[in-house]
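One structure, pasted below without further comment.
Chain lettering (A, B, C and D) follows the sequence in which the chains are written, and residue indices restart at 1 in each chain.
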Amino acid sequence: MKAVYKRIKETVFQIIEPSKGSMASKIFDLAIIALIIANTVMVIAETFNLPKNVLSAINVFEVISVAVFTVEYLLRVWTADLLYPEANAVKARFKYIFSFMALIDLLAILPFYLPLIFPIDLRILRIMRVVRLFRIFKINRYTKALRLIALVFKNKAAQLVSSVFVVGLLLIIASVLMYNIETEAQPDAFSNAFETMWWAVSTLTTVGYGDVYPITAAGKVLSTIIAFLGIGLVAVPTGIITAGFTEIVGKEEQAKKSEEKLSSQQNQTDCKSYCPYCGHKLD
Amino acid sequence: MKAVYKRIKETVFQIIEPSKGSMASKIFDLAIIALIIANTVMVIAETFNLPKNVLSAINVFEVISVAVFTVEYLLRVWTADLLYPEANAVKARFKYIFSFMALIDLLAILPFYLPLIFPIDLRILRIMRVVRLFRIFKINRYTKALRLIALVFKNKAAQLVSSVFVVGLLLIIASVLMYNIETEAQPDAFSNAFETMWWAVSTLTTVGYGDVYPITAAGKVLSTIIAFLGIGLVAVPTGIITAGFTEIVGKEEQAKKSEEKLSSQQNQTDCKSYCPYCGHKLD
Amino acid sequence: MKAVYKRIKETVFQIIEPSKGSMASKIFDLAIIALIIANTVMVIAETFNLPKNVLSAINVFEVISVAVFTVEYLLRVWTADLLYPEANAVKARFKYIFSFMALIDLLAILPFYLPLIFPIDLRILRIMRVVRLFRIFKINRYTKALRLIALVFKNKAAQLVSSVFVVGLLLIIASVLMYNIETEAQPDAFSNAFETMWWAVSTLTTVGYGDVYPITAAGKVLSTIIAFLGIGLVAVPTGIITAGFTEIVGKEEQAKKSEEKLSSQQNQTDCKSYCPYCGHKLD
Amino acid sequence: MKAVYKRIKETVFQIIEPSKGSMASKIFDLAIIALIIANTVMVIAETFNLPKNVLSAINVFEVISVAVFTVEYLLRVWTADLLYPEANAVKARFKYIFSFMALIDLLAILPFYLPLIFPIDLRILRIMRVVRLFRIFKINRYTKALRLIALVFKNKAAQLVSSVFVVGLLLIIASVLMYNIETEAQPDAFSNAFETMWWAVSTLTTVGYGDVYPITAAGKVLSTIIAFLGIGLVAVPTGIITAGFTEIVGKEEQAKKSEEKLSSQQNQTDCKSYCPYCGHKLD
């Protein structure tokens, strides 16, 4: 009995774990990816003015999707002890439940169950439906190519956070200065430092929608300085991220080189009888 | 007879193949480049309100151009077995016809022949005339400088596609969120998630035309986040491409170095009996 | 007596110096950081239309803040000889007072005291209140992460200043050229070379608010050139800063490597009598 | 007599050549720089609505400036044989006259003399006055910091030209496609492929003034693609220039390293008596 249970569990694990070789596993992966894409299309479709019968069809599809994702989530929790064989059954499940991908999986189904448990305001519910969009991130499990980009951001997280902090300081200083300069000439657009921040963002990121811009000479000078700092602002994260990409490439090449060196040194040991450096006969 | 055929073929091949030394080959290259430029100018000229006689002159020029490009294409297919001497006559031609540059050559003349074979709607025909613009890419055969840029993009294709995928995710999430935030305040500009994507593109690329922008506080906060992510978005492909350019330069230098090393090691080949440093005979 | 004075001084120094291990020091650091953040919020809050009693509360808070920052400043000057133990008491204080962080500290409290000493125009006073924003930079003392970014800018200062100089030249040339081209078609927006500079800034930084743009053909051609130079303009500081980040990373790695080399060379110090590779005694 | 002539010539050369140590040379440099700056200010000032007496003062100043720059130019040509001592007197002068800085010097004075020789239309004359702005570039002789940037652009010229060529292709293709898509919906803004290019520039450089933008769905899709290609467009020159800066830094470091190696090898030769590799006694 126990052996059958164990074999079923192992088979399930082989199927749901991504990038396992078997045909069943590949079909399962593609089905989940298709469902994620269909869900994304559905969330976009809902923003259009749809006829009633389409809306009810979407609702049915939503229930089916949540059911599938719930079963998938439970199966993954159930087989977590096979993923972390070194931990015991309870620990392995806890470890899995709090892993990044498992939290994404939970977030993808939770907004559906919450209103069934607690009475929730319809407005909040509407925002919660947007959370279903996070189902897109479930696709991350299947794309190897995204990992390098994620790795660069992870390696450089501290520096990137610092540059965001610098940007925050710049935004605050620019907004307060600009408010004091422009509020008299344009009391509506620059009504307080918080409103002025909208101009600061538009300028510092070089988006420049054109709905808010200074008209006084002093304001234009400040705007000039902020716009050029915006260029520097782009340069800092670009520099950090580029260094990150270059480093990874550099490390890979170094790893290759040291391997080659090793193998060439091993070849030299075959030069047996004589030391390649002092020419002495080796014992 | 066969020898004459072969010599003619070889002469033609020497002429049409780019960057061959003979004067005839250089004249042929320049003539084709001139014709490509003239065709590009013609496509641009057609968009102006031209008098009837100029339009008919353009039509005559179009017929001549297509004739020349067709002959060029056929000659290249005919001499393909000289380009790939290792393959047999049929294989070499197939290999050539499906090469990138040959497909461009075909695409440059096909829109002219298709309506002669199939009856085609005039509207589709008009769009097809735009395809003639691809004749510009024929010029690629003659520019060595473009190859480095193309090489960098090819080397980094997987990472660049990943960053495009990340951008796609960002666009979808930003659009759906913004639609839910702004649609009540501006029901026209943000009428559905697809329309909202126009704002998302404008902000994420920092173009900021200024035709669509949020007016609610929540919308401005989201716009701020998207604009700053736009900066990060620029940083990722920049980082990837820069790493690509740095790598190529690095490889070239390494190639040089290893060559030098090799030659210095060859000098040491007689190091068995003499110390490579002090020249003393080793025991 | 003197010993007690010295011990008190040392205790104070231990507390106010950032990143010292003791609990008292950490509490002091956090208190100062909290006060800096509260001051920043206050300066932003003042730009809103506030009721009178809130404004008077802000004034009280301002007096308390300045009092705390003044005491902090005096304590730091007092203990400066412990910071620079190699210099004598007077020199150490002078050295500290003219250090970057001490000047920031002074600037954060000076605008409060100046009107008490000199009679100052109310307008200038209002601008001076903005200077209180520089209190934000006091936070720099507590963030290690900002130092790397600051280091990169310091290392590359000469090159960055050069690129700013190039931008200045470009702005002047673009403005004078554009003024001569567009002033007839749009005499209001392009009334003189200085006004035209606003367009040049908007284009060169790719902000593009859309309040000023050329309408003549020649003006559009010039605008095209300037916009593309804007792209190059972004590339130069980005290149400089990226090289800076890459260098620092490179140096760190090199430092590691040379350390390793050193230690391996130290192992070889007894290589005189034994071959470092085969261990054979050398003649 | 000849000796006096030679000594005067040498003294003049010492004075006008930049970055020579003597006091007279430094004063001359500063005077020329001051005159260049004054000329730049003057060209900007002329765009303002100035009273008649100021205009005549400017005219007098213009004559003086041209006189000084002319004398400077002639002196430089006269002493050219001291700058290139290896060439004979005539060759040295020809070599100097066609050097980059000498051409700039000539361009700075030529627009003043031309109308005295040929009768020139007043309109052309007005544009020629703008050429006086090139006097700014004379300052290049005195700034060492600009040379690194110039060197990077020179090293990477071929690749940068290629990327400009790619941009040109993109602009043409985007313009013709967009014209065919949008001309029916907005016949004024997209009246022909050349006018549409203004939109293409605005989008590809992410300036986005907001005077021209697509309103059809197909046009928005094309605009999206062009805007994202605009990001890639920024990435290519940034990558090229960054690689350029990194290379130069790398070469400098390598030069340092090889120097160190050399000196350390020289130190090893002092290990005299024994070869450090084979341990053999050196002769």
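Assume contacts are C-beta pairs under 8 Å (C-beta built on N, C-alpha and C of every residue); 3 or more make two chains touch, one makes a residue touch a chain.
Because the structure is predicted, anything quoted here is derived from the model rather than measured.
Touching chain A and chain B together: C, D. Set side by side, B-C and C-D show the greater C-beta contact count at C-D.
Repeated interface: B-D and one of B-C, A-B or A-D share more than half of their contact pairs by residue number, and that pair is A-B. Note on chain placement: the centre of chain B and the centre of chain C lie 43 Å apart, centres being C-alpha means. Averaging C-alpha coordinates per chain places the centre of chain C 30 Å away from that of chain D. Residue numbers of chain D whose C-beta contacts span two or more other chains: 202, 206-210, 234, 238, 240, 242, 246, 276-280. Viewed as a network of touching protein chains, the structure reduces to a complete graph with every chain in contact with every other. By the touch criterion stated above, chain D contacts chain B in their complex at residues 158-159, 161-163, 165-166, 169, 172-173, 175-177, 179-180, 183, 192-194, 196, 202-203, 206-210, 213, 220, 223-224, 227-228, 230-232, 234-236, 238-240, 242-243, 246-247, 275-278, 280, 282. Of all residues in chain C, only 40, 43-44, 47-49, 126-127, 130, 133, 136-137, 143, 145-146, 148-149, 152, 164, 167, 197-198, 201-202, 205-211, 233-234, 237-238, 240-242, 244-246, 249, 275-278, 280, 282 touch chain A in the complex they form. Residues 206-210, 238, 242, 277-279 of chain D are the ones touching chain A in the complex.
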